[in-house]
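Down below are the structures I want you to see.
Both of the next two complexes hold chain A, though its partner changes from chain B to chain C.
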Partner chain A sequence: MPELRIEATINGRKVARPAKPHLRLLDFLRDDLELTGTKEGCGAGECGTCSVFVDGVLMKSCLVPVAKAQGTRIETVEALANSGELSILQKAFHKAGASQCGYCIPGMVMAATAAIRSNPFAGREEIKERLGGNICRCTGYQKIIDAVEMARDVQNGKLSASVFAEDEPEDGAFIGANVRRIDAPSKVAGALKYAGDMVMPHMLHVQVLRSPHAHARVVSIDVSEAEAMDGVEGVITSADVPGEDGFGVFVHDQPIMARGKVRYIGEAVAAVAAEDVLTAKRALAKIKVVYEPLPAVFDPDEAMQPGAPVLHDYAPDNITKHIPIRVGDVTKGFAASELIVEQTYSTQAIEHAYLEPEAGLGYVDADGVVTIISPSQNITHHREMLSKIIAQPISKVRFIMSPVGGGFGGKEDMIYQGMLALLAMKTRRPVRLVFTREESIISTAKRHPSRTTLKMGLSKDGRIRAFEMRMISDGGAYGMSTEGVMRKAAILAAGPYAIANVKIDTYGIYTNNTPSGAFRSFGALQAQFATESHLDICAEKLGLDPFEIRRINAMRDGATTHTKQKLKSVSILRALEAAEKASDWEKGAPVSRGETRSDHATQGIRPPCALGARFEAPAAAERSEVA
Partner chain B sequence: MLLCDEYLTPASLDEAFAAMEKNRGRYRIVAGATDTYPWAREGRAGDVAIPVLIDVAKIPELRERRIDDKRVRLGAATPIQRFLDDPALARALPCMPRCAVWFADDQIRECATIGGNIVNASPAADGTPPLIAHEAEVELAARRNGKIARQRMALCDFVRGRNKTALEEGEILVAFECDALPGYGGAFEKVGHRRSLVISLVCLAALVKLDAAGRRIEDVRLAIAGIDAVPKRLGDVEKYLRAGMVTAERLEQAAEMPVNLVASRTRQAYRREVVRGFMMRGLINALRRAGADPNMLSPEQEASYA
Partner chain C sequence: MARKRGRGVAACWYGIARTATVDRAGAWAEIDDGGTVKILTGVTEIGEGILTVLAQIAAHEIGVKPADVTLGDNDTARSPEAAHAGATRQTYMIGNCVAIAARQAREKLVEVIADHWDVAASTIETANGEIWAAGTNHRISMGEAVRICKAKGVVPLGSGSFGTDTTGLDPIDGAGRPWQAYVFGCQVAEVEVDTITGEVQVLGIWAAHDVGRAVNPRGVEGQIEGGIVQALGQGLMEDYKLDQGRTSTSGFAKYILPTALDVPHVTSIIIEDPDPIGPLGVKGIGEPAMIPTIPAVMNAIYDAVGVRITSLPATPEKVLDAIKEKEKSHTRRNIPAVAAE
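What follows is the complex of A and B.
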């Protein structure tokens, strides 16, 4: 393999070194030069975590072959603050609170730097446009754009650099004050190390073999050829688990790797640790797995039918969890109602799409402690489970939580940490696994898809007399957080409304789909989608204003919830008032639309999305002619 | 993951052909690599091992830009961003800046080449409709018996279907030549899921030239992609509009004409609606930029299309 010899100036220093011809500039920077401020969020040009300057031009380094770097001048995020002081933009990001998990932030800072280098006078719309190639999943874009505008104005002398200083909290009160985040400087500078950025001496690289079948018996796994390969240091399957194999947030129904059968496409079947990723990948191709496909079920309603394929022996009815709530008597409530409305609502699976794909390191330390570094959202529970799985006392298991590059619930499940532990124990070397974006999407938990039938009885004055909900949720192949999600969905289903007669049943069901798990709002979203949509429909039928119907039913201070929680204060009335005001709400039943819309194109309402701000900006055009 | 044993960066066409002859059957051309990398990922082609990658982006002839009042010659490896920041190019190809601003994002446009866009031949490729409207020809080169032979072909004949072109093994797309249309008003309409990093569901290129009074259409060029496997020039609509006055009624009539051409694989009804709206908006935007009377539309029409 004729290696390339790359000679380039990187962050002001001359670099001359060999590089494998297939590398992307991103790999060269991260792996060969350990400049890990540049991140890999997608590897496909979609996210912008990998943005770097090549000869002054911003590019996505995951799409640039390393050979193209020959003879160029490259700047990475590390260059922006290499004097030790943050750049104007970095300071503005810090001040504006434009960083949460921080994983997108180095790329954002680079794109922002490019934007105001291209047009130091760019307006807000043009800034948005120029940052269009960079995605953030947590901060939201407002603060980021605010930061760029702040930096632009400081740079142009319109604002004093003193704006970067921390606000004094009024009367020493921090709630409601704009406090700068302590961890932001490390994020805006690209200095913070996420698990995938960490390396250890003598480290091996892990790749995972995943199931191509939704439901199949694993007849045999032959790893001998993979094990015999040069550079392969360890191969594991479920046979390597020394203890009680099973994890999950509530029920421990998921093995570290498929045991006996696979239950979804993408489930881990075996894993390899090798000297480099490529060798590990090649070893995966040598593992011979014989599967015997089984009938699979992909719809939770079908999975509840007698005779449906059964996923787990312990749950012959495929029910992961059923949560019932009973308050009052709905039959009576319906009898007392003047309007009864019944509807079915469905929601789909949603991927968290945190910008940091899963990554972790595992090693056995000098004292024999099996140690896992990963962005796990649940390390204490993971530690307990892993100690049983590897049959070690809990004092011999340690979890270190690395910075989480976005989780939103998606990093609560211990889906890869067990493999790291087993491989570290088997090879006695540090091991690292970094998921690709595709791997993250195929193998990790999603938001529960749901099908909710809601029946509501109301009297003419808009009061809800009876509430009956049945929610069927697709929990996928393993339990993960399903139990908790079903519980939360049931608890919150009837909303902040005072209803005397309530009957709720939420069901989490096993299917051969990708497992569902925790996701921000934890089941409330699916239930609320049904309840709130339903209230709008009922308002329409009763000729009531949608805000009004909610006010009529709202719990008041001192209310008791449907699950008997006493509430000292209830804020729904204030929330409704604020929402009504902010939305320029047109009062009335949602039955007709007037000649004109007063809630549309008014101040504070964003016009439809368009592009081309730079064509209207003379400053930009003049500058590019000079350039 | 895209694997190769060798990555070559020839400095001339001759060097490129030498590399292609030496590695016949085991190479692939790359220019900006922005289609090639995402293609070689899980869920699409997966891990792909190509023994030799030949990067044509540094060949001077493929970077050339020659512009006069009549014709434009554009090297195939011209990055899309040049349509935005080269004023001479923007003047000669008036709808290209509008096309470019919707294309991927500022960063990818610095890498993505117009040649790669055309050869990849996605039915949604944004570069094709504007170039078809400019009556572009492609120049293909091959080396036979040590001599470089060149061949010209109309772009609309070159693009054959979904990911299919007339390019043959051993050929390189060297350049495009097309009409320079300074003084035309240009527009490009595109619909996707967000404003950056979107692949077009439908896109439309419109170019209009008006008479001195700004009332009569002297010339009009329209091309659309996303409604069928290959982009289409809308000759009938052009004929109807050419030499006519600019009136809202005529624009509405014209917008109706291509609606029945929608023959995409998916979402036909939706695309029909989009086509009608795009025709109106594209024509109006192009007309305005060509200097048409700003009051050609009633306020209601203004509100629904502008």
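What follows is the complex of A and C.
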């Protein structure tokens, strides 16, 4: 491929250099110019983490071929904080607490800069609409929008720049103070390096071959042609694992790469380390894997039937974990009930969608220590597992946790770090792997989809006399956090309510679906969705206010939980009261009284969204500012 | 009226730190030259704000400013085990062990300075980078105090370890002590449902959560706001779809996430019911923040249009189908009545 020569002004400096024609502007900025403040969240124009200005226009650099940069003036996030001082907008992000993991933040800052450049008087709704092309998975956007409004007002002289200053308690009591986040300046400036931004001298690039089958025997893998390619420094399969090949948060049922069979589409089968990503990708195409498809099972109820395809020999019934909770006698409780309500609930699989796709580096240091740098949520456990997998003592394994661009539980599984270790050991060079968004979505854990049957018996006064729940969760192909998720779901299923008769069973089941794993709120969300919906159904039938039915049943100080643990202080009544008061709740049974109720707030809600109708003409806005 | 409003409520509870097993974490602290503080513990930021929280705790306990605190990297070969970043355990487990380590380092410094001034250690106070003896003229900077301390051959160090008094669950009836700290919460949602399109807009959430003790209230709000919006994603739009194990939602074009246009106004109410066991009284907020949101929204949809969504997500199609179904059965039920007229 003939190289292009790109001449452009980038962050005020003239750049003239060759570039490979297949590059996107994003790659040119990140890889060739090392301007890693511009991030790749999706590579498809959907997330906005790659936003830059091209000739003053906000653009998603993942959609711009590098040739288009020719002769343009480009500004990246690194240009905003010129000579080290943060821009007004960056200061506002810092002050308002608008950054959390920070991975969306450079793009967000660029989009916000564009918003108030386009209309210095943009209102809150217009700001939202102008940020509509940028995804943030952490903040819920509220503090980001607050920050943009703050910056707008400082810029317009309506607010003094002193609002950006730190609140410093005079007595030094910093616990309880709104100290500005210490990591924010590096995030708003795009200076913080996540694993995918890091480079090491002499580094190789890793790509992973993934299974196209949901369930298949791996008959043979031939890597000889891939290995012989120019620029390929190492190819690994499960045959390269020297120790006990298995990882997982609870059961170690997952090999670093498929061993003997594949159990889901997207499972790693082999990996290549090469001089560049393109060569590594080409090498994947040269690996010959012979599969023999096996019958697969995709529904957890079917997987529990006798005769269903078995995923793991140790679990012939495909049950990863069953957790029972028993208190009192539910049969008696139902007999003593005046109202019995039964209902099924279901929840879907969802993706963590942290904006930072998985990435990591591996190297063997001068003392022979196998070192992994990655946004792992559990380096201690990963070290222990990797030491067994590579048959090295703990002292020869080191994990460094790089800044995590969002985790939410999705980065607890050691899904790729083993491959980095093996390739670093095999090639004796540093290696780096950066997942694409698609790779991240198909190969990593999801939230457990669930089907729940809930039966509740109550007396007329609203007291819950019996609670019976059965929850079936699809754990997918590997155990990951399923056991823990089932446990937490079971313990918390019946809610913060004192109930004398409880029967709960949660089941995590193996299927050939994408594995389910840890996800913020870990099973409690699925179970309490059912219980809290159910309480409203029962309250309607009993003519009780929904707060009231919860108050009647709420645990009090000194309560005993459904696992027979005695609690000291229980704050549920305080929480109920606070929410009721803050929302100005109008009492009444949940009988679809929406239209008739008078508590629809005028405060504490946003105006309903009517797309496109919210831009005020800048001139009009200006006039109203003056007025 | 095409658009109807409704409100709903839901409560939640959650356990702090690892479940049904003994949790533990460790940290080291050093009061360093210039009156700065070095904290070493195996943790880094995953976005929740833990580094700021730890800097605040160390500053508060030792008597310096958060800006004077340096946090070491999360590195299994260089720092004590803090274990994993999850389970709503960071502020609770690591916050508490940093407090223990910081108090111990301060004690070492105070002992030397008290001796130097010939006053009782109990009269010594520290705050905002200064150290003084109450009721005397003795007052110096922390930097000066460290210099004096080191000149006497003492490096003011501390270490902290914090563990939980918890047990596994009985395999038959589940009895056990899974956590030593619990949090509780409640949220009210106000929604608007478009009866023509089935679209649900969440306009407001009032979220009251017990966090034990808020180290950084703005950070707590950030966790609540972010958790709520993630829950709305699951409640209303996100869906990882699989057919025969193959996904059709492998990119953000198909896998729909909430944007700035979808989010309600969130009003957070922080409740502080201090944990009686840990040295700080802190508990946590990361995960529980998202639990009541979905049922509160589903209860609000019921209030608005009288349909109960029991399978997530409540997409416009699903809500619309349910509304039509309800109207049909309503009409059916009404036929005899109409005929009788």
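As a convention for this text, the second predicted complex is superposed on the first by the 594 of 627 C-alpha atoms of A that agree within 3 Å, B and C clash if a C-alpha of one lies under 4 Å from a C-alpha of the other, contacts with A are read in each partner's own complex, and residues count from 1 in each chain.
By definition in this document, a residue touches a chain if its C-beta (ideal position, glycine included) is under 8 Å from a C-beta of that chain, and two chains touch if they have at least 3 such contacts.
What you see is a predicted model; the values in this text were computed from it and never measured.
By the document's definition of touching, of the two partners only chain C reaches A:Val327; chain B does not.
Once the two complexes are laid over each other on the shared chain, residue contacts for A:Gly132 go to chain B and to chain C alike.
By the document's definition of touching, of the two partners only chain B reaches A:Pro65; chain C does not. When both complexes are overlaid on chain A, the residue A:Ala518 reaches chain C alone and has no touch with chain B. When the shared chain is aligned, no partner comes close enough to touch A:Thr482: not chain B, not chain C.
A simple residue count on chain A separates chain B from chain C, and the partner touching more is C. When the shared chain is aligned, chain C comes close enough to touch A:Lys143, but chain B does not.
Of the two partner chains placed around the shared chain by superposition, neither chain B nor chain C is touched by A:Asn318.
Contact with chain C, but none with chain B, is seen for A:Val404 once the two complexes are overlaid on the shared chain.
Across the superposed pair, chain B and chain C both touch chain A at residues 44, 46, 129, 132-133, 438, 609, 611.
Chain A contributes residues 1-2, 4, 21-22, 24, 43-46, 48, 51, 57-60, 62-68, 70, 111, 114, 118, 129-130, 132-133, 278, 281, 436, 438-439, 609-612, 614-615, 621, 624-625, 627 to its touches with chain B in the complex.
Note for the complex: chain B touches chain A at residues 1-7, 9, 30, 32-34, 37-38, 41-43, 47, 53, 55, 57, 84-85, 87, 97-98, 101-102, 104-108, 110-111, 194-197.
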